[in-house]
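Naming follows writing order (A, B, C, D, E and F), and every chain is counted from residue 1.
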């Protein structure tokens, strides 16, 4: 019988089906929480330290004190992962995620106040290779919804929080048109910004371009793609990009922790480039990505096509 | 021994201390949930129907189906309230709140997908009369933080959701300066907008002015204040208001479900008006409010001053 | 054999198939031209004078002198219509359109200069009842594209010109997802604005609301709908409207010269209201519209369903 | 007797005076068309390939299929040029322009639809050396009108289309003040942007600065000026520039296909620099430009002063 | 021999030629000062109380305490006026102005600090009837410069301060083109806003329209014009107005303390209306204004034409 | 007895207590004036030429002609400094400031006009070492007020003028909360901008970042800090920075003529970094600054702690 996944919740390891938080937790009531996710490749964790650095930046921006050091958080994370690996099929891999909320609301106190103990959760969750395999084969259909990405002066997109309604509204708008489409939002200036947990790149005349870090959650996979591009001798830089860039691009792809580098087939129904997916530069980057992580990331998806 | 409050969670009544939701609930993971709160006055519920109307508008905007009618939701709410009233001191009153999340994330499916059963929670929570009594005596100190209210094109302020980080950041900015200050955010155009769960009014030359509904969560208490003003023969209307209006106002007050009508003493350190708090028009509105709800709302706070 | 439509081109009546303008005409090279269109109802022209008033406002904004009075333009228009009516099936009706360009570019002169004679064209064009009949039966599917309506400080939406690329881009974005969808753009502030030649109305709690005139081409049909609403005792007014209003509306419809009042079934995939199309208020307005123009405008469409 | 220029219109070569398009062509009705222009220097065409690359990008953004390859378009262009050169005085040169519209509107179909054959036009047009000679002698008087350049999220300025009303309104505003002034618009952020078919450069402390490509149609002449600057060892880069930069610049010039590099004498009435026109850096760039194209571009203008 | 005007400076009456303030006064160093001006009509002061109300609002926004009551300020003002009237020709009238600065900077203290005594100045200054007479005859030429009015979130336009550079830059831009032109700035949204000390009105179909108070210094003359319009039975209201409104207006005029109601002949070179200046509605308002103030304000200007 | 400071006012040297300008000077009436300030280090003037270059740029933007060359201005400045040095304690240093106004308003002329002689003032003013010493010890408390920095399209922040109300409003907002706080404003896009006469730097992962020159008055001290960073081998560049950058910075400091490099302890109440003040990079830059100017700038402040 298949073993159940377990979750770390405030010092205890519990089966996922019983892992719960109080309805008085501000993480639930207000989305007053941050998280970060890395994944495994061939059951080995990827750049945990970089992800924890980013988690602690999100915490700092939110003025939440996790009451543990990065080293402690790393140890707990590795422990949770090890406990869960037996539940993971060898073809599969998992997200590994830390979540920290500000803790419980205070009864008999101003609603703004929080109890002084944060809630810390560490969990593993399966990456849906089967369900997403088609995107690796067919490329993603990107739609830019009319909903704009929340501007930094209202809420920074650079912290990874439990406030996703802006992105959910964008997805609903896109998926009402095409249930398999992915939304990539424009920012308040009309530039390409980011999707739900994903960054977008376009390639034009051999140069990789991706939206500026200020307006997006700069993913570790995004950074990895930029590093790989530089190693391959490709010019790669941040830029203000708009729909003209998108429609005239030679290639485009999306990066995310789970997707690594997933090709884009069309943007708002306009085919990207003339080369099919993946385009040649995207293909080189996918290969380099596979080399870096030690497994064939493309094949991991494609092998699950039904 | 004092009885514990109980909470309705998905069909069950449980003690508040054990009321919990799964860590896989999208209401927790993404703040993918809406709520609405009314309160009791003298243990009698206030305008439940109007609050449920608003709750169902929030649900509709979020495309969440609560799987129950407003009547069913009302019945459940009254049941939860009745079960909790024995825990409420006669001097006290409570918030009565419904919360609906989109439900659990789907394992082995795209992270966007949700299980098809929403999570419904109904709870009562004590209004902190003791802690807030001073605001009724001294007036509120309002600070307009540099964080701007999320614009409607990113996420509508008119739905009441579990995404509060924009408002939390604003409060942290204000309270770092003065722990008892209240933040009232400006919108993206620099107009006065709203605070955390509260609406602002200014009075100038006998006219009540409050920010336009499009940019704020138009509270039931806000609407009540407008209605009372009309009944008192006062001119009252929505307007674009800015700091010039705030600094030159004769009086100002804040409305919220719990506060009803709480006077403002200063805005960014500049005293409002010359009459002390509450000003004469604010005082008339407070009296009318008390008349409407059947208890002296000012005295309910002031009697708890220590 | 069916007779061919004729067109007035700078003083001459020519068959439509031979009606042409010079490739040096600024109306072609730069879209440096304005137009206005009314239609016939039962072969009788509708509010020609109001349309000409608007045409002459567009001309004034563009500083183009048509070299003829409104009366002369009206006479020519009626002449062209009469010549074309024999080509129109009795079930059909036509758009009747005046177009005025700034005239020819000047050779051997600065490219900005124009020859001093404007180009005037008057034409009739069949309204596609067959192709659009389904919209009257099923309601329109509205999509708000990510392209925003050109702001007034760049080019006024209130003049009817030959510069439609902003609207064409919006339509392409919407129709790539659903070939039968209609785009209604948001303005630069994220408010609902207008579609290609059409205005949008929503109905909430019995009140008609439509975007403010400043940001849209205020159609004659839009004005007619507002007048009819007032005659029916309905409250109707201009307002800043956004997607929250759209998603929580009870009913919605679109007005245009050809459409009159066409119900909206969904906005970004979210069904409008619960009443199906047309909703009760929309239905009353359609009936009043039919009464005004003397033919059953709904039936004119529905009778052409195949 | 002077021979007449000829024009390619959809497969035929016709005299310019008879070159016409249908009034049903969407290029006329909606400005639904793109174009690109290069020019000859000493009757030899300049960078045709680069211009065609840009034309095809405009087509792609507009989703118009020209139904011919770039090579075919190039061959047709050269053919049209050769047929027209006999009409061109040896002192003169011409613009060489391709235009592609989406084709005819469809009768009995939705107005959005287009017939499937685009309209292709190729033409030559004389550059008005006589009329513009004074600008080379006196420098241009630049006015920044209050009309702002259409923002990219409404319509990309990077495609060359038949929608020029934004720029025409700007020119009318400037020329109402001074008939010889040139408008350079600000973008929506208040930065210097571009004029009608022209790009602006300023020179400050020996560095060339020009607005960023995202907000302008990046002219081939602009690119040529940047390349020449680099060859001359001058620092040259894109930047956000505003009126402070303009008023404190040492020199300024405008580039366009016809103008090449034309010095600016004043901006909003404030003299640029203290050196008269052209300033020393502008002069070096003009000389380099002449060297590149094989004729003295300054002298070509100045020799036509009357 | 003509007597010299005198000025009240901090408690003393001094001849204007010797009236001075310290170079350490913050009113000079930082423009840290407010003022208000009324004028005389036939040597009688106009609405002094309303102007003082506004002065004290400006003071309140600036958190400057004038150390005197409105009554004291009024008495001093009347005293200064009486002392100066002997210097005023009977055909002439004067501005009467109060100025209050925050006082001297503090040596040996933080530069932000001010000495605690404000500087109060009261002065009379001749209205240049001769120089402006032509505007009453010919109408004003309005230019909308590219400089935008400072937005309220940076500095409220509703307080009358000693910070005029925004308006001076606008005037310089307009007057470089035409030394007799008047600048009327657009606000940050592209709406018509205000000029240097003046408000603009347009008349369309018999309705008076003027920009909203939030974005302008709402002049007493503006208010007077609105009041007179209502008395004459004319519809008059605030509105967002843009260049389309301006170019299609039937009439336009400017109000200011000195100008009262001065007709506008053209806006950006486009003639306003077809009736010449003043238009019929403007003329009625001018007559009503004369009636109100007891002298013929139009004739006062026109009689000084040379 | 202590000697009094003297001031140059339009050709005369007068004691500071008697240095005054006419109340008719536009520098007073309208803030129609520019200035620049350098300081002495150990009684020796710092980068006078660079400051004069900037002064003359401000003059050019304002179209004010100072009627003297930079050399003359430099000579006068040195003369004023020498006359004042005897009044300066050896531990102290002074600001040295030139101010130029457009001159007197013209009586009997349009209020826009100015007499043709500018007013030139040159003065020395003591730097308040005692009052500011604590900031060097404790670090600055920065608050970002809700008031936004005036955008360049309204008034360029890059000229140093006598219009400071935008910055004064920001300071009042910050200091109402904490009298020792310093305001650093956000620009209209929500980026960190500048404070009253000061520039902000943050340090992240060893890289110095400071807001872009376009939106700030780029101080000479800012430039000096950038130069010193490069000399120390530190990466230093301009960037769009927001509150996320601020809250997650390792160190931060402010530069100004008087402050040189003053560490920041907190931003909106959130402690900057974990290292206390000054952080290690800030410390290195302070040392380098001291080396450059020849005195220990830190010690100069700290020695004055009481």
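As a convention for this text, a contact is a pair of C-beta atoms (placed from the backbone, for glycine too) under 8 Å apart; a residue touches a chain by one contact, two chains touch by 3 or more.
Quick caveat: nothing in here was measured; it's all calculated off a predicted structure.
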Any chain in contact with chain C as well as chain D: A, E
Touching chain C and chain F alike are A, B, D, E
Chain A onto chain F, rotation angle from CA fit, given as a multiple of 5 degrees: 120
With chain centres defined as mean CA positions, report which chain is farthest from chain B. D
Just the number, please: Cα centre separation of chain A and chain E in whole Å. 57
Distance from the mean Cα position of chain E to that of chain D, given in whole angstrom: 44
Inter-chain centre distance, chain A versus chain B - centres from mean C-alpha coordinates, in Å: 33
Residues of chain C whose C-beta touches two or more other chains: 63, 146-148, 151, 153, 172, 175, 186, 190, 243, 270
Which word fits how the chains touch one another: line, ring, star, complete or other? other
Contacting chain pairs - touch in the sense defined above: A-B, A-C, A-D, A-F, B-C, B-E, B-F, C-D, C-E, D-E, D-F, E-F
Enumerate the contact residues on chain D facing chain C in the complex. 7, 9, 16-17, 19-25, 27-33, 62-63, 99, 107-112, 121, 123, 125-126, 128, 130-132, 146-151, 153-155, 161-166, 168-169, 171-172, 175, 188, 196-197
Under the touch definition given earlier, write down the residues of chain B that touch chain C in their complex. 57, 60-61, 63, 151-153, 156, 158-159, 212, 214
Using the touch definition up top, name the residues of chain F that touch chain A in the complex. 186, 189-190, 240, 242-244, 247-248, 270
Taking the touch rule as given, give the residues of chain D at its contact with chain E in the complex, in rising order. 143-148, 172-173, 175-178, 181, 186, 190, 243, 268-270
